[in-house]
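Sending over a structure as structure tokens; questions will come in a sec.
Letters A, B, C and D mark the chains in the order given here, with residues in each chain numbered from 1 onward.
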Amino acid sequence: MPSFNKVTDLSTIRPLFFDGMTLLFGGFGGVGSPPGLVDCLIESGVKNVHLVGNDAGFPWIGMGKFICLERATSLIASHIGSNPIAGELMNQGKLQVEFSPQGILVERIRSGGVGLNGFLTEIGMGTKLEYNKPRVKIGEKEFMYEAPITGDVSIVYAKKADTFGNLVFDKTARNTNPYVAMAGKITIVEADEIVEMGELNPEEIIVPGIYVKHIVPSKGYNWKWIWEMPDKSSRNAPPAK
Amino acid sequence: MPSFNKVTDLSTIRPLFFDGMTLLFGGFGGVGSPPGLVDCLIESGVKNVHLVGNDAGFPWIGMGKFICLERATSLIASHIGSNPIAGELMNQGKLQVEFSPQGILVERIRSGGVGLNGFLTEIGMGTKLEYNKPRVKIGEKEFMYEAPITGDVSIVYAKKADTFGNLVFDKTARNTNPYVAMAGKITIVEADEIVEMGELNPEEIIVPGIYVKHIVPSKGYNWKWIWEMPDKSSRNAPPAK
Amino acid sequence: MDMGDARQIIAQRAAREINDGMIVNLGIGIPSLVPDYLDPSLNVFFQAENGILGMGPTPKQNADGNLSNAAGYPVTLLKGGSYFDSAVAFGMIRRGCVDVSILGALQVSAAGDLANWIVPGKRVPGVGGAMELAYGAKNLIALMTHCEKDGQPKIVEKCTLPVTTYHCVKKIITDLAVFSIVGGTLRLDELMPGATLPEVQEKTGAKFILVNSVR
Amino acid sequence: MDMGDARQIIAQRAAREINDGMIVNLGIGIPSLVPDYLDPSLNVFFQAENGILGMGPTPKQNADGNLSNAAGYPVTLLKGGSYFDSAVAFGMIRRGCVDVSILGALQVSAAGDLANWIVPGKRVPGVGGAMELAYGAKNLIALMTHCEKDGQPKIVEKCTLPVTTYHCVKKIITDLAVFSIVGGTLRLDELMPGATLPEVQEKTGAKFILVNSVR
């Protein structure tokens, strides 16, 4: 089925990134962030990027590698505690960070990904994380409005993809990836294994290929996890590559 | 793990149904509706039930069997076209029907099931299906508010359950079942097969058992599908049992 | 031409709207006949609201109650197809992942308003997934016989039946003609075989413009 | 008592709050030490925000980067455990499926306000999933050393640090005492071994009442 074949290589992907784009990335503490696509993003040279993802990774892990290059203008995330450089950039005014409660953030991405117009919640009301989000009164009760998030480009890491882009994830590397895949105008998948259509069990497909635009093969994680480092402080750990 | 064992029989389930309860039911045209639990509901004798589900089934299929007994006071559904008796009851004022766009209805059940406070959409605005739902202005744009739905009791049909209540579904019998399972205060599962904890592949579990209160074994569908009937009019098809 | 023939002719014409690589959602009624006329060399994935992508033809035997389309009738699954839940199915639909949605209609207005969910006091099918499909599909095609049995036109200036979604229909295919709705204007694109312009003008309840090729 | 001992003592006491059949979420810091003190005969499922239910102990070997807790450290999966996405993980949390959530804290007020996400200008971990856990968990227990290193009390009348969630903490366990917050009132339930009431009174920055058993 050539018209359904979405497998390509990084040379096709690199020009899809552009200055000023909103980039959604899958992963949770770097687990499930696509290592090859992060490197491709770095090599693309793009800047002024607006990032949305669970966290800032570690300085040498996941999206942290890109953030440390000071080419992201803003970041919406639930925490940046594992990446002290992101904290410094924030304090220096070089990176604008909007913190979101973790589960609310993934719901905002989902809301964009499923074509809804945002949702109401009580979580975060009256705290600093309310920012200037609108309040909405329904009957006698007041809620906070959370807007949907979509991206110009989404990057996702899967365990297996078929050539149509049906995706299967590995254990806790699934995390935010399914919704990031749904919410990108252009969704790019890095997959450890790419198989023919019909080789995935249709019951275990987590993301149907309808959301996926491009698939590239992965060489796996190219960083050391913090628990593999001799010095477990994220400040001092050297880049692995 | 006895404290995590939720397998029981219908004699435990019957008293959980009560007059005036809100009952959420899984299924789409009867496919994926739990046949044994519908019969158990009928036998329980409860009345004035508020039903929420995708549709009214067929007169002899799914929740249609119960609706025809005139013991449901109201129904929120996306259509009742396959159950002419439901249409008659509605026209006679015996069944109050609120129509919802199909995808909006399952999102309302999901919103309740994941503990959010409803969502905004443009779908249905300006049509009869807007009813008196609140409009919400965000910036310059106006949306319709859809409230979350939860149930006193949810009934669900699974292909396999382990004793903790982890669920796997069968093909298109999955449909609304995962969200119905999340949105019930008491969620009861009818499963074709019940296995020990550890026997399901943790990657393919669709509903984690955390949402499930009781599990009963199923004897399978006890009705004929409309495409199995000699006369394919849903008006004249005789009950199969 | 009897009603059955008319439905087949409409379906056959609608099949020509489907191109290679498309994701397609078909409503019940006439749209369900469209696959019979599809060029089998095309790679097309049919999606349905209950939670399936990549539906194949009706099984010849061993039909499975748990493998059905949104109307509850048995189907099969093509290679590369997938099962998912109804919320994911509608997520795809609202998000614009469906290239073309082909729906049956009761009335369509000149502005593209679709009425297909209720005939008050007579027929109460309910709206099903039509509102989401009308909202999200990149292209929405309405199929219907040109007139009611009593001769009333179904293409109208303003729908008299309750509207499913306003300004959503892009194309109307009937047994007499093919119309587009472009920038809020109804345009006659084609006459179906055997139909004449005066006949279409007489049986259409709304003003329309002509493309040059139609006369 | 050094800081390390204090943390272990707090974790050990916190473990007694976990009963058979419970679903438990543990935050980072002191809460991550709790499983070491849990009665192994109990059936308990630990849940984490990234998307796992039924976490088992740290693997002795062959740790897997793709099988981790919410802090990114390797874990194992117990029989009956499951993997899911983060939206489902937080759905469980907000819906009230977690029986007890045990979080680290920077400050807790007498009314149960929790501050644990930021020390402005100093430490910016970010809020993570704490707000949802505080909102949804049936029981929220805050663990912390009783005072800052400089002796400042962490139990206060009103939080000076930015609040994570108001009125959410039900119990506070420190190296000196166990408090409950009942109906908006802070109540001393237990003294930890070696602690005295005058010491606790001196080192607590908020008024509290006593249960009869404490003197």
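FYI, contacts are C-beta pairs under 8 Å (C-beta built on N, C-alpha and C of every residue); 3 or more make two chains touch, one makes a residue touch a chain.
Keep in mind that this is a model prediction, so the values were computed, not measured.
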item: Between A-D and A-C, the pair joined by more C-beta contacts; value: A-D
item: Centroid comparison with chain C (C-alpha atoms), farthest chain; value: D
item: Chain centre separation in whole Å, for chain D relative to chain C (CA means); value: 56
item: Inter-chain centre distance, chain A versus chain C - centres from mean C-alpha coordinates, in Å; value: 37
item: Whole-Å separation of chain centres (CA-atom averages), chain B against chain C; value: 28
item: For chain A, residues contacting two or more additional chains; value: 107, 114, 116, 122, 169, 171, 202-203
item: Multi-partner residues of chain C (at least 2 other chains); value: 77, 83-84, 87, 90-91, 93-94, 135
item: Chains grouped in pairs wherever the two touch, ordered by label; value: A-B, A-C, A-D, B-C, B-D
item: Chain B partner contacts - residues on chain A that touch it in the complex; value: 107, 111, 114, 116-122, 134, 136, 138-139, 143, 145, 147, 168-169, 171, 201-204
item: Contact footprint of chain C on chain A as seen in their complex; value: 1-4, 113-116, 162-164, 166, 182, 196-198, 200, 202-203, 205, 208-211
item: Interfacial residue positions of chain D with respect to chain B in the complex; value: 20-21, 23, 43, 45, 47, 53-54, 77, 79-84, 87-88, 90-97, 135-136
item: Contact footprint of chain B on chain C as seen in their complex; value: 48-52, 63-68, 70-74, 77, 83-87, 89-91, 93-94, 117-118, 121, 123-132, 135, 162-166
item: Chain B residues touching chain C - in the complex, by the definition given at the top; value: 28-32, 54-55, 77-82, 87, 90-91, 99-104, 106-107, 110, 122-124, 126-129, 159, 169-179, 206, 221, 225-227
